[in-house]
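In the two complexes that follow, chain A is the common piece, with chain B as its partner first and chain C second.
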Partner chain A sequence: MSKYCMSSGYILEAEKVSAEYFSSEKDIPALRGVDISLREGECIGIAGESGSGKSTLALTLLQLIDEDEGRISGGNIVFHEKASGEKINISSINKSRLRKVRGKEISLITQDPYTSFNPVIKLYRHFREAYRVHNKVFKERDLKDKVSELLDSVNLRPAEKILNSYPHQFSGGMLQRASMALALLNGPRILIADEPTSSLDVTIQKKVMETLKDLRCRYNLSIIFISHDLNLISEIADRIYILYAGKTVESGPASEIFKNPRHPYTEALLKSLPKLGARGSIISIPGRAPQPGAVKEGCSFAPRCSYADKKCFKKEPPPVLSGERAWACFKRQ
Partner chain B sequence: MMIPVLFGITLITFFVMHLTPGSPVDGLMMSPEVDAGAILRLRETYGLDRPLHIQYFSWLSRVATLNFGSSFRDGRKVTLKIAERLPATILLNVVYLFLIFALAIPIGIISAVKHNKAIDKILAVCVFAGYSVPAFVVALILMMYFGVELGWLPVSGMVSINYEFLPFWSKVADIASHLVLPAVSTAIGGLAFLSRYLRSSMLEVIKQDYIKAARARGIPEKSLVLVHTLRNAFIPMITVFGLLLPALIGGSVVFETIFSWPGMGRLAYEAIMARDYPVVMGIGVVMAVLTLIGNFLADIGYAAADPRIRYE
Partner chain C sequence: MNNLLKNKMVLSGLLIVFFFIFISILGPHIYRHSPVEQNISHRLQAPSARYIMGTDDLGRDVLARVIAGSRISLSVGFVSVGIALLIGVPLGLIAGFYGKGADRVIMRIVDIMLCFPTIFLILMVIAFLGPSIYNVMIVIGLTSWPGLTRYVRAETLSVRRREYIQAAEIMGIKKARILFIHILPNTIAPVIISAALGVGSAILAESILSFLGLGVQPPHPSWGNILTLGKEYISHNTWWLLVFPGTAILMTVVAFNLIGEGLRDVLDPRQRKER
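Coming up: the complex of A and B.
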């Protein structure tokens, strides 16, 4: 658990965010009212099994759900602009304002770095294009210097050669670091990292994590770190949100959650963790995570929960608040 | 690789040609002035009396020395006959190609960007209407309307009778006006294919994660479509282009005949009708070579456009 450069002002607040994907029968509710908040300089971890809606949350924060595939059906996402102290409601601003937030205020890196780059375009053009969108006039020289510095900070050298290559000429780890550099090009204040290391080998995973922590301090980033791997999250996150079937079942400071989980699902997750230092974890909890849409009444974890009784299947538990912590369970009041 | 393909194509052309009923001397047989002996002698001179495989190999050995022989009909060299028809065909097809790409690219882009919206559906109906009506019918309708009814455009040939006496720019205008109908009729059929191909290719690319990633960097939709999507969607079109090349220079038998366009397509038609074997075979070789060159260029173009592909 890292205590970097914390200050208490919120930079991003998302409230009751819901999103659904279209399907031929019934729309799939991938997010069902998620609240998250991020403070300046803080790193929050979003954990959850596959299908719990982690990537959907990342996309929703930048309004990137494809119109053909789904829609954001509710909630508010408020970004606190630093310069003006103004609040920007990301969920309701127009397209051109939104473009000024994307990549400039909030950047995204994804799981597979090969899908972050256009395969037929050299790296330099990616940087140049991204820079030009947010800086109408600039000197080529300044851009080159800036990019070299960024590449240096993610340990990619020599810049000239890197920038003259196509994405497929890199290994996954190198390209992921390049994608971090690209994400930071316009000096965003928030970095959303959606499983940035899960497509990489464990040893390379370590290095990329080091780079990420390094960047966090150097550029004073606020980070939303998404992973299914609680071990990884514990390395970097100050606070954690546990997502289950499109809902937050528990949230709170990382140290407290690890020490004393309240929600049965969190408890099960922690139990299933391999010992620290062992290989990447595969979470195994009896039963399977529900398909979104298959969630019926009551608590969505109830069918897999060893504490569940009748009430859990009937009503949805409201969140219990306690200091910085919150969880949603009838059995742990 | 190239030699066997070339060999195969000419072999097939040769036997198909010879298996077709009729022979180059048929026309003479009808004539009362020609006796049976003369016909026999003619067949002998042309080597038509020998077995087919011998005929083929003797043709092949001559072609190996780049001797394509002379036309049965007028005795002129096959190479010369083909060479004089080439410019007309190339001109028509360059215009056709320009036209079809100039139309298909915007139609493809609009259909992809507005997919499943009204404009996409309207465009689809239009291009498919052009596609499903047989091209020669379209050609005849256009001829009737613009050529005969309105009298705006000439309906046959490449130049007017008084072409020789026109000043330079009028010559250009004259050829251009002759080009309109054949080029448009040819283009209408291919438009559906090309624009729909581009549309589906673009929709495929737009779904890709790197487009989403670019959007996440704040890149405006216009550049997403015109730079990222179009560039990648165009790569498979290069293959189509390679396939088009033989037709491009070989000319279209149907359209050149309908519009009496003095190109290689019409030459092929005339030669086939007259069983003018040397000319048909000569055109066969040209087409085979073009097909191979087309494939080769498509491969090179593909590698140039897609950095992930590199040939040793």
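Coming up: the complex of A and C.
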């Protein structure tokens, strides 16, 4: 667990964030009041199964949910600007202010590097377009220098050749590293990495993770690392949030959660991690994660939980706080 | 580009089109006979060494008139498709990208345009504006954009949800800019295809209008109005007045259709046939 350049000031605080997607019958809640906080230079990991709201959370933080598809129904997202010390409420600023935050303060890299580049334009054009958003007047020379430096820091060389190529001429790993360089072009302080390695081979995953760690230190980034893979998260995250059915079920420092999980879901997740050299089948969690929208009363994990009793099905457990840790379970008070 | 030239349809289409472009530009300088000079004593002569394609009712040289007509046909084809592109592409982009009200309004206009027979629309406008070659170009352009708008809109709708559009939004790029740099280049393939097909049908439309006496006015030559004469003297067995301009129309239209179809095979892999 890495402690690179920690300082205690918060850079991003999200409170009771909820979001829902429209469907023909009723709106489907994808996030049901999630709190997260991110300190300067810190890396937090967001873990959860598919459908738990991880990616929605990433989109919500940048207000990127398409108006036709869904809406952000509540909560506050506060970003602390460095220069002025001003607090910007991302959830209520207008579109042109928002565009100044996107890319410049908070950047995002997505799952699939193949689809995050436009196949018909060269790489350089991607960088150039991103750069001119935040720099109205610039010299081509300065941009080239800056891009070369960034490409160098993600181990893509020679810059000249890379920039003159089309996206399909690269492998997935190279493209994912290029997308990191692109995300960092305007010097953001927060990088949201939404399953950055899930579409890559395992050997390439390792390289991408190394690059990410390296960038974190070099540019003093605060990172929100989203993944379903607890092993990957444990490699980079200082603190972890476990999401289940659109809610945080447990949060706290990574080392403590791994050593001593409190919520039954976290416990089951950790048990189900395959161990090197272990014999026998992999332990899985019985049942399936609830479909968003099908969540009933009470604790959403209760139907799959081996400790659950009547109370768990009736009432939603309030979070239990203990130092830096928090979990929501009646059985572990 | 190499793929394009390897495609036999595109290659043969291009050869024919270049042949006609060459004729329309250099033809009058090589074959130095006036297309309008009359010679009544030589009227309605069958093709001979002196008049390779024969003469018409006023003794004008049909070959000279076909050459001069090629210039008109090609320029009508290109200009009217140019006009259609200028109207159709932006409307399609707007309808597909912004959706909602804009989409509804634009697509209803397209539907209305499409349910009128084009030739009827053209006739109506020409009746108001008067027949002239410029009016023909404008009118054909103004009536042939709806199909293009549909293509562009469909392509825009499919590109709009791709992740790189979202990636651009993440970088803070404005919507209008995204439309211009990310979506427009992706719609180019269907646009080029339908533009090539459009040139062919514009040339045909011009010929029809001139044939009906609503396009190019005599004494200026056009493939369409040479055919008109051929129809009038058909009882005199003047086959050369029909065959030569008719072949010219057929060849250019087929050539542009070959290019269009060939381009579709090369540019649009979804419709590519296995060979």
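The criterion applied here is as follows: the second predicted complex is superposed on the first by the 324 of 333 C-alpha atoms of A that agree within 3 Å, B and C clash if a C-alpha of one lies under 4 Å from a C-alpha of the other, contacts with A are read in each partner's own complex, and residues count from 1 in each chain.
Here, a residue touches a chain if its C-beta (ideal position, glycine included) is under 8 Å from a C-beta of that chain, and two chains touch if they have at least 3 such contacts.
Bear in mind that the values here come from a model prediction, so they are computed numbers and not experimental data.
**Student:** Label the relationship between chain B and chain C on chain A in the superposed model as either fit or clash.
**Tutor:** Clash.
**Student:** I'd like to know which partner A:100 touches here: chain B for first, chain C for second, both or neither.
**Tutor:** both
**Student:** Is A:260 touching anything from chain B or chain C once the two structures are fitted on A? First, second, both or neither.
**Tutor:** neither
**Student:** Which partner chains sit in contact with A:92 here, chain B, chain C, both or neither? Use first/second/both/neither.
**Tutor:** It touches nothing on chain B or chain C.
**Student:** On chain A, which stretch or stretches are contacted by chain B in one complex as well as by chain C in the other?
**Tutor:** 62, 64, 99-104, 107-108, 110, 112, 115-118, 120-121, 129-130, 133-134, 182-183, 186
**Student:** Which of the residues in chain A come into contact with chain C in the complex?
**Tutor:** Residues in contact with chain C: 62, 64, 68, 98-104, 107-108, 110, 112, 115-118, 120-121, 125, 129-130, 133-134, 179, 182-183, 185-186.
**Student:** Where on chain A does chain B make contact in their complex?
**Tutor:** Interface residues on chain A, with respect to chain B: 59, 62, 64, 66, 99-104, 107-108, 110, 112, 115-121, 129-130, 133-134, 166, 168, 182-183, 186.
**Student:** Given the complex with chain A, which residues does chain C contribute to the contact?
**Tutor:** 99, 162-164, 166-174, 177, 181-182, 185-186, 188
**Student:** Given the complex with chain A, which residues does chain B contribute to the contact?
**Tutor:** Contact set of chain B toward chain A: 207-210, 212-220, 223, 227-228, 231-232, 235, 305-308.
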